[in-house]
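Alright, structures below, take your time with them.
There are two complexes below, and they share subunit A, which is joined by subunit B in the first and by subunit C in the second.
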Partner chain A sequence: MPKLAGKLAKIALPVLALGGLYLLAIHKHEQREDIRNASVELTPGCTAKLSRYGLVPGKEYESPYVLQRTGTHIALRGYSDEDVRAIQRGCNIVDDTQGRLAQDPDLERWNAKRFIRGSHANCHHCHRDLGDKQDAAGNRMKGTLHLGASWVMADMYDRFTGLLLPYELRQMQCYINASNGYKPNIADDVIRDVTAYTRFLSAALDMRIGNHYEEQGIDEIAASATLKQGDDYIRGEALFKQKCQHCHGRQAIGQEVNGHLVAPALAGPNAWNMQSRNNFYFVSTVLAGFICRNMPPGQENTLSNQECRDIGYYISNLPRPAGDRQGPLVALQQQLLMTVMPPLLRLTESSKTPGQPPLENGE
Partner chain B sequence: MKALALALKSHALLWRQWPKIYGHLAVGLTLALVTLPQAVAFSVTLAGVPPHFGIYAAIWGVLFCAMLNPSPVFHGGPNTAMSAAIGVILLPTAPPFGAEYMGLALTLGLMAGLIQLLFYLIRPLGRMLDLISEPVINGMICGIGLFLIFRSLTTFGGLPLNTEVEWPLWIAWHSFLAILEIGNLHAVEIGLITLATCVIVQQFDRLRNWAILFGIAAGTLYSQYLSATLGLQNTLVEQIGNLSSIHVISPSLPLFNQDALPDVVAIVPGAVTLALLGLFQTVAAMRRMSRKAGEFTDSRKAIFSDAVSNCLLPFLSSLPTCASFNRMWLVHKLGIHSRITIASSAVLLLLLVLFLANVIAIIPMPAMAAVIMLLGANMLNWEDIKPHLQNRREAVVFMASFLSVLFLDLFSAVLVGSILAIAYSKWEQVNPNISLRGNVLKIRGNIYYGSLPVIESIYHDAIDRVDDLIIDFSECYYIDPEGIRWLAAAKAGQTAAFVDRRSEQHRRAVEPAGTTTRRGDESLRKNQRRRRPDRRRRSDF
Partner chain C sequence: MDAARSQHRLSRHAGIARVPTLAALAVIIGFLLWAHLASGIPVFRSQVPSEPGWEKFRTEYGIDYFGDDGQFVRAVQNGYNLFFHTHKYASRFTRKSAGDRVNSCGACHTAEDLAYSFVNSDRFEPRLGKRLSFEDQVRWCYAASVDGFVPTVYDPAVRDIRLLARAVAHHLQLSEGALRNGD
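For the complex of A and B:
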């Protein structure tokens, strides 16, 4: 009899545990379904962007932008209510990945924060103006990491590994390296909604699938595009202190004032990791290109190619997290450097720094 | 008439042998069915080659090993760590699933085989592999068990695999959350039904060997029911799929031409890693499992069988082979240790993919994942873990190799565990047990360069206190040249006399005054041994 009871217990316990997990899964699925069906509260940036492109549910969609620029009527298949909600959620994630503007960040942003280490990283830090940067006249700009241009090249061969990267995997790389985080599953809503938003952008701007547009990626700056003086850490440091430190803080660890992010970290625990292509040592041309075209805000395109490379070189010399493939020893070393270096550097830094002092000094 | 009698007799013989044959077949079929999903999963998701590479490894790799390796518990075939290593090594050379990539994968396997052959031909190299201790192996087994469970989570939930390298524990946690939130509930149901069926059937002694088959059957039936009622396009449950391209033999040639030479040279270090990864697992798994089954097989024979198999397999479109912990565990659990059974599993798998490809094609992947998870759970055996936790040193070694599998990788687990185990045994040797009783300095252990500083410090302490010091090294079992030189110097300095009972020296002559011992008194000697002074008491003097 005790033998039978033992056997029954051996059957009942795992079956009950599995059943409990199944019930939990059903509950979580229902929760997700509720969010999918709920109306979306847009961030201010998304409200402006999406209303400008006339996103409303309907049988046909016609982009006001295309009409205004070309004068031709191009009617595309319209969006259902469900599609519109997905696009809106996607835009919200690009604008506010960390959920700082949401009432319940976990629910409203599909836990996007779960896949990010640190509290600074946000899609629109690199994909400027919600992945759709335009000049005052409404012209799209070269090498601005445009998300619509990115979608029309959906599955592309990786330049470095030669692997065919599906669009979802390209997004995952952002999570892994640019935000130094973890990859969401390909089937996750967080990926699907951002994809929906980028598809909408390409439709709104009449970008055609399979075409390569100049706005895609970064306007990279190779060493050959300079006077070939060589990249210089010292020059970079001086330039950083003069041009960047005011917002990005000392040693580029970012700056938050009263819970508001003034500028994201470019080094330290909240920054991208060593295997991100923003890392000068991994790919030297990307960060320099980004700096030249986008920084400092309001004075874009004022830095020379060499200056951008110098700043990129300096930033990449500062300690940052190790990449996920670099193993625990490198990770430990970087962790140690990130902990020890900022106070040490602060001690050795001269008190007189050129340019304005950083905001943290009481401004 | 005679022929009829003979035929009847042989028929009767066959009938009498039937339970045994039936048992062999059941185990063979179970092994074949367990190997199949692993073969498909390892080749596609880990190695980046089409599924037939893994299936041929599960057929020919297993068959070659069963023929060449005399161990009755050895099960070769595709292996997680080796497949993953192939993917990682070839990643920078060519895009996966392409012709060049597949050719390089075969070249990599061949090079690994040739390197393994070197390990067989150079005997000391092969002996190095024996330095992996049991706690290391058991730590690895438990780590791999958990790893298999984690690895199968996404397939279990009907989700796409997360294929990029990342910390496995985080992947597992995020995969678990993903299953709860976005998993395909039909897939989860199929997986749960398979698991529950296996758990229930396992409790019946007579059906235990068939548990996995019952599980897969139940999962497949439920999946078919779902497809019939909802349609496969709505359930979106992944199935094994079409295997009709598989023939008995599919000859292939490793890529080796002038064009590919730079790539071939670039992957040589990878080939060394792959060869070592295979041999370490083979030697470790075979030793562990043979011991469990009360058998013994020389590890050189296993090295030979692995090396030769891996030299042949690249010509048969196959991934390299090495021992599989989880399948050998299954062989052990099923209780039939026989090379015939293992060979039959390969033949049965070949027959299955040749003739029942259509039936296999509908087996749902979540059911396969559930089976792999169950295998992983079975590898976490408390009975095997418990003895290691009772000894502090073993516990440290065990935990180190267990955690290394989860935090680093399999190869690092072997290295970390082995280095710790060797360090512990070396530590034991550099601290010999030395006691000073009266004027006798007794040294138990080794006198060699490592232990000499300890011996010297006590020796010099002793000659300051005692005038006629006698060094008794009758219980030393190893003295290296440095030790001999030191002893010679001590002797030359005439500060101490030596006694070594092995050279028939008179014991009473060296006993300290006042002790009464009778020569040859066995019981007394035993008592003395029991009262062996503790090493910590050295400082009492």
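For the complex of A and C:
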């Protein structure tokens, strides 16, 4: 009898465990379905952006932006309620990847922050103005990593990876490197909703498949586009103090005030990792191009090419997390630097300038 | 005199020792040239086999906009082969053979159908109650229309058809959600 009970237990335990997993999977599926069907609370930025582009459910879609700028009526396939909600969720993810504005951060935004290690990274930090940066007159701006323009040129050969890079894989790279995080599944809603939003942007702006628009990607700045003085750490540091420190903090580790992120980290544990294209030592032309075309906010295109390269060079010399390819020793070294350097710098800075208040955490 | 003789002998030895190295080098170079130019084995060549009609298609749809022989163009060409000769290039995913009436994607669709489908993809499909991506549709065709098996999303048998659709959509200058006349 005890033998039989033992045998039954041996069978019952795995069956119960598998059944439990099955029920959990069903619960998760239902939860996802509920989120897909729930109305979406838009962030203020997304409310403005999507209403400007006239996103409403309907049989046909006509972009107010295109009508206003070209005077032509272009009827496109309309969006169903489900499509509209996917676009709205995608916009929310781009605007508030960390879910700081969400009522339930664990559920809204598909909990995108689980794919990010730091607490600062947000899509729109690089993809300015929700991936659709325009000047006051509504002109799209060069080298602003426009998401709609990126969609129409997706699937092309990527010289950094040597792959034909689908849009979904590109998003995964953003999570892994720019956000120093983890890779979502290609079919995850977190990827698909952002794709839906970017496809909507390209429809709203009447972008044509396969055309290159100058707002796509970065307007890269190579050393050959300067007077060839060489990139300089000291010049970069001086410029950083003058132009960037006010928002990004003295040590470039970002600034938060009362839980509100003033400016994201450019170095330290919340920044992009060494395998990111933003890292000057990996690709020297990208960060400089981003700085020139997008920084400082409101004064874009005021820095010279050499100044942008100097700032990029300086920033990339600051400690940041190692990427996938650097290996454990470099990762350890970077972790040590990120731990040791901030207090050391605080100490030396305060001893150099006794009149000034010492640097505080987050500065 | 002895020193000169030993010097001569040494240099002769060095010359003899160099022969196998040179022979090995020649064999390697010969193999590389054969593999790349003459073997015809796909794994050694970056070119995609040119099927009848490709050059005409390439001209008609302006594939040269993307270059002559870049990775994207080769993928588009592979997409063309998959689309019009599915039984030959995706034999892993179809049960159809050359003799079957419907043995390729091109038997039911045109390349332009594909492009319009691409720009209208990833929308909610009420009949299925879920969002349907372009890849999902291609995989469905493999499973149902050509009576075969489902490739993964990453498989070139799916990816290259998407790239073919993209190239045609570019030629037609389609935007997202573009409607065909009469749609």
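One rule holds for everything that comes next: the second predicted complex is superposed on the first by the 342 of 363 C-alpha atoms of A that agree within 3 Å, B and C clash if a C-alpha of one lies under 4 Å from a C-alpha of the other, contacts with A are read in each partner's own complex, and residues count from 1 in each chain.
In the analysis below, a contact is a pair of C-beta atoms (placed from the backbone, for glycine too) under 8 Å apart; a residue touches a chain by one contact, two chains touch by 3 or more.
All values reported here derive from a predicted model rather than from experimental measurement.
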### Message
According to the stated criteria, A:D155 is in contact with first (subunit B), second (subunit C), both, or neither; which is it?
### Response
second
### Task
Could you say whether A:K7 touches subunit B, subunit C, both of them, or neither, answering first, second, both or neither?
first
### Query
Between subunit B (first) and subunit C (second), which, if any, makes contact with A:A222: first, second, both or neither?
neither
### Task
Could you look at A:V15 and tell me whether it touches subunit B, subunit C, both or neither (first, second, both, neither)?
first
### Query
Is A:L164 in contact with subunit B, with subunit C, with both, or with neither (first, second, both, neither)?
both
### Message
One more residue to check, A:R32. First (subunit B), second (subunit C), both or neither?
### Response
first
### Message
Between subunit B and subunit C, whom does A:D324 touch in the aligned arrangement: first, second, both, or neither?
### Response
first
### Message
Quick check for you: in the superposed arrangement, does A:I186 touch first (subunit B), second (subunit C), both or neither?
### Response
both
### Task
Mind sorting out which residues of subunit A both subunit B and subunit C touch, each in its own complex?
157, 164, 186-187
### Message
List the residues on subunit A that touch subunit C in their complex, please.
### Response
60-61, 74-80, 82-83, 86, 151, 155-157, 164, 166, 186-187, 192, 195-196, 199-200, 202-203, 206-211
## Note on the structure
Counting only contacts in the complex, subunit B reaches subunit A at residues 91-92, 94-96, 154, 159-160, 162, 164-167, 170-171, 174-175, 177-183, 185, 188-189, 192, 195-196, 199-200, 203, 407-408
### subunit C to subunit A touching residues, read off their complex
65-66, 70-72, 75, 115, 118-120, 122-124, 126, 131, 133, 153-154, 159, 162-163, 166-167, 169-170, 173-179, 183
## Note on the structure
Touching subunit B in the complex, subunit A uses residues 7, 10-11, 14-15, 18-19, 21-22, 24-26, 28-29, 31-32, 114-115, 157, 161-164, 169, 172, 176, 182-189, 324-325, 327-328
